[in-house]
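One structure coming up, written as structure tokens, with questions to follow.
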């Protein structure tokens, strides 16, 4: 079985390195093919592992020692248990699809090979992240995916910086750096968490840590919990570290699909799920997580309402869905969080890939106000995105319905009705903005004509590649029970109370109602043609939303600029004017003293003789002084 | 070969002398060959080194001024071993990377060989005076390198570098002489042998001023805030190879000095002064990181970045536990390789454009992809990405100091954020975006010679990032021994409490 | 009514006089030769002087330690032997410097060499006696000879230098004899050991300290003048500049060594008795001297003048050791001067080699820094050797003077004067600047017009001397051990 | 009755006179005289002391001082003449080429 683990893990790496060999060459088709194949291999391995875990049980493999110092011994250890198996399968599946898709999407890009190298490298890091059996291993993947996302967001590095008004995420390279640095901020928290674990437990291995949790003081647990969660907030772009995700849409669309929807951003959720023995010990932190998640859910959704940028809308929806997942995890319904994570991975990836098709058709136009009526030319894409949106909106019987609905039930079950209400509301908003997108893109009047676009459907094999996702977006939810049965072997089973059991049907209906309501509103407003209301668009709330609550600008004004200015002061004022000036000052003083003393060397003998006499006198005085003291 | 250390010292010396005879046109080959042989010798040293043994090995002892207790006393342990290897490696690569257009190459290569003598000498000598001898002597070739091949302010930079370091080390010398005096009054005979001094238990009050005497000497070398201002000038003016050696090896002398002298000689004082030192280190980390961010000149960014990283190393050194000290020693190595590589890389672009201003570049990634890739990898190592060499050291140093003070470590941890900030903005400014300058459009990519110098570094940086064990273990053994020794020597309860002997050592007892 | 005095030859122990007799005889011999046959070539006299000095050297070596002779005015203890050897070595290195390729007419007079030998004899008397009279005579003999030698260089500068030196010397002599008179008045003796005895007795007396310290003070002025301590140093730079380079180099060593020994005998006596005032006088003088002269050296434009100031600072450095009153300290003085001798003489010889009839790069100075700029390109070997001397003076290991500094500072530390040691250290750091300045000119600056003529005055003997000096400076580390043990023995047997 | 102290005071006064002369005088010749006075002050002191203590060494010292003084004058005057030939003056302020 270990071999399977290694195959699953290293196949992408091999692919990446292979592609890297040709990284600087112009497009060579087979790099794409090879990497895709290797990804598929990895997927198969993961699937087999999933089966193995299902039938036999967890697999553990240890490659070699990594860091050995003092009492610290961190090996490259991997463990494949229920959660990991699920994550692996999801990740590899989506990645495979994205890889195949990219063959078509990046067809004409001169960075073709480079792209695949990065993409596979990302998958490798992601697998390290989910498979590692200790926190430092996790951290490797954590940073690894960070770098890959940096590379991929900044994939079109040659684009120049432009003003926020032209492009809210100034330039790919800018967005890339923003993402990396924001993640670094969170990583510091995570690192501190790791230190705490090491010095309190003496090991970074999950099992040993979880075993030691009962012995640790509650305060310490809280601290560790918070620190780890800070790390999670960065990766999963939770408020206030969320701005980078929307800007990350500068990357090629497959990247957005894979990294910024399906996999990387869910790493934070994975961490919380993984560390459930810790978080179930510290309800207050968990509750905070839930609340924050809920807030992010609606906060992001609200921004999605008014945005005109195809990808950004989806990005915000991702953010909002991540909020759902955290809410679930925070409420202790870990398996539900994981379930939603998987489901979301499928339909959100599908949604993005569909968006990719649209962009392709509209040669990289993103403004949905300039689209419309694409249904005619892009039937398949329309179907896919429709399905995905239905799933996202949580309409029965699509995948989203099952997962999201369970989260709402859980919220209700915890008697945290506030959370429930907000999430419920969000469900409505979600339905609205996702269908606003769909309608404005595919239905309504064909606005693109006046901009002179000539849209066309993408290659067949690309469409076929998307099929598995489409299928899963529909049927994945139907396996809810099995899924629960499987993962709750590891995760705590979440029991609904009697009360909830009774209420469940009402809840479902209510939820469905608001979801469908949202769709209907969207239909009325946008299905026929784009209705724009100047007054509303000028109104303050609208502008606040469209400017993302002015948070990016605030960050720029409050942190980026002052830091730059402060640095300049530190250099010009302090380092040169104070520190270095002092050093040179001392030198100057010495030199000037020399010049001064030199004057006694008048060259006039008589002065010299005077000095001698004076010297005698000085000595006399000196002698007296000393004699007095002794 | 038991006297390999002497060979390591005297081989380059003799080679340098003979170098005067070699004709100008073939001096490059001569230099490379000599440096390569020296490097191989260091490798041999490594392989014949008993990694399980934490004590000093390959000891050589020849009385020199026996009445005054000065002896030619050499030896290596895990702590110094790899720094020696690195010194030899960086010299070799530095010589390999020497540009074609460099004037009087012959003098340069001979000077470098002299410098190598001094560097190796510092790290192998176990006699304080011999250590001091090499320590001081290393200034002379560096002075010449900066002064003769430097930029327009080279004389100022060179003299500043020399006098500043010289002044500091003279105070250190007074400290050394005092220890020797104390030893003499206790043991009755003079001795400057480190191993003899280790046996000495100094009263706390004495330790305290001695600590600062040595601190001054080392801190200026490291360089620690506020004694750092010579470094930007030195780096700014020095030729590429000068910066490489300076950053890679000479700065390490300071931190090495702390590990070799301050900790074992004054355990109590070192513990007592953790706070001030840590505060300075954190100022270094944060403040210089900001200054680095403000720079317009690529090389200055890297110069200040190395100050910032040295701050982390200092934290590791004063962690007083094996994790931290091992980490800091390892970080010395990684920082040596990484910053050395970075300076080489800057040198590459400087050779082509004769400017280091970031504003002059932009979009280099499109014109020089190989260069961009290597720069990127090294840059990631420098910001401490896992699976590169940079991470291991930084992580261990911080982890170690966390035991002493979580809060300060949190502050120190800002290095991973701020490091990313200035490094990425450097990369963005010079490599990303469209190619704006006309003259940048036809820059040629890395030449074979440059690759020959850079690729090995990249390889090592990644190899030791993934599998640092062969290096970590010997270091760790020596460090464990060191810490255990400090622990048993410590007098104050505070020191007893802070100094943290590893479990494995305890079990061994 | 005075008793007639009976003296037995044996009690005279004339052997103690042998070195001086040899050298004085030699001097006379030279004069006689000159009388017999005029204008013989200088090389003859040079070689003769070397031989005479050599014999003298042998005679000095053969002296037994701790003997007295000649009415007990001669004192042959370890210190006197060591110092005489130093003086003779320096002299032997000095004489050949007369054999230059350019013609400097002072050397064409045989009197020059005769005078030189008399001067050496004078210095030997100074160090080989603890009788104030003899010390004074030796001092004056040497000084008067020296004034003449300086004047003989016969440039406008040299005359001015001579007169300055002479006048101040006369004043110093006045102070010296007055101080001697005070001591005599207090103790009724002119032999230092008698004086010491009486002091031991009279220390307790009330009010004694005023004349006691007063006498020391007067003597201190004389000593300070000779070893050029501030503010009695003012003659030094001018005289060094005025006189020929080798003479300057010689003056920076031999008279100072001689006077150091006298200081050891006289002031050492005070310090030994625990007269804190004197100890502090010495320390303060030393600190002021080394610091200020360092700073003055920083701002010089002429290498020779810079070296003058630097040798003042070195003197101050060594003087500090005098206040410590430990065997190690006294030993360190000789070690230091032993090492300083070669380095400094070497440096001055380099200047001598580069000497031309008339100043080339400056209207007044013969050796401005600029003259040496870019030397590495035209005369690499010369540049390297000069650099070695400079580094040695800076105190960069492994060059000779480092070991001297090391030992002096170590002695200071042992005596508990940490602050003083630190001051010494920082001073070396300041000094580094002006020594480096020359290195910077030689190695890092572009060549100037006429730098290729740097070897204008070059000749085999000079090169040999420089070679010896350079060799010694570089490899000194290997001879420190024997030197140190020998010096320590000699000093300790003399009871210091 | 003239006692030792009178002699000593006299010598002290002479010494001071000499010193003042050395400081004040700008003429080289006068300078020499001043130094001679100082030496002779010492002589008086020695002579007086030695007779007071019935010890000959003081007088010996005095004799030697006289001798030295004589030779000093010899050398000094020699230099002086040399200078006079060169500069045509004995004023100290004229010999200030070497300075700084």
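We call the chains A, B, C and D, going by the order they appear; numbering starts again at 1 in every chain.
Convention: contacts are C-beta pairs under 8 Å (C-beta built on N, C-alpha and C of every residue); 3 or more make two chains touch, one makes a residue touch a chain.
Predicted model only: the values in this text are computed from it and were never measured.
If you average the Cα atoms of each chain, whose average lands nearest the overall Cα average?
Going by the distance between chain centres and the overall C-alpha centre, it is B.
Would you mind pulling out the distance in Å between where the CA atoms of chain A average out and where those of chain D do?
Centres of chain A and chain D (C-alpha means) sit 97 Å apart.
Suppose each chain is reduced to the average of its Cα coordinates; what separation in Å results between chain B and chain D?
Centres of chain B and chain D (C-alpha means) sit 66 Å apart.
Find the geometric centre of each of chain C and chain D from their Cα atoms only, then give the gap between the two centres in Å, rounded to an integer.
Taking the mean C-alpha position of each chain, the two centres sit 26 Å apart.
In whole angstrom, how far does the Cα centroid of chain B sit from the Cα centroid of chain C?
44
Could you pull out the residues of chain C that touch at least 2 other chains?
In chain C, 163-164, 167, 171, 175, 237-238 touch at least two other chains.
In chain B, which residues are in touch with two or more of the other chains?
163
Would you mind listing the residues of chain A that make contact with two or more other chains?
598, 601, 603, 605, 609
Give every touching pair of chains, nothing left out.
After working through each pair, the chains in contact turn out to be A-B, A-C, A-D, B-C, C-D.
If we count contacts the way the header does, which residues on chain A are in touch with chain C in the complex?
Residue list for chain A touching chain C: 590-591, 593-595, 597-598, 600-601, 603, 605, 607-609, 611-612, 614-616, 618-620, 622-623, 626-627, 629-630.
List the residues on chain C that touch chain D in their complex, please.
2, 132-133, 136-137, 140, 144, 147-148, 151, 156-157, 159-164, 166-167, 170-171, 173-175, 177-178, 180-181, 184-185, 188-190, 237-238, 241-242, 300, 305, 364
Under the definition above, what is the set of chain C residues touching chain A in their complex?
So the residues of chain C in touch with chain A come to 163-164, 167-168, 171-172, 175, 209, 213-214, 216-218, 220-221, 224-225, 230-232, 234-235, 237-238, 276-278, 280-281, 284-285, 292, 294-299, 430.
Contact residues on chain A for chain B in the complex?
23-24, 64-72, 136, 139-140, 143-144, 147, 154, 157-161, 171, 173-174, 177, 180-181, 184-185, 187-188, 191-192, 194-196, 198-199, 202, 563-564, 566-568, 570-572, 574-575, 579-580, 582-583, 587
In the complex of these two chains, what residues of chain A are touching chain D?
Residues in contact with chain D: 598, 601-606, 609-610, 613.
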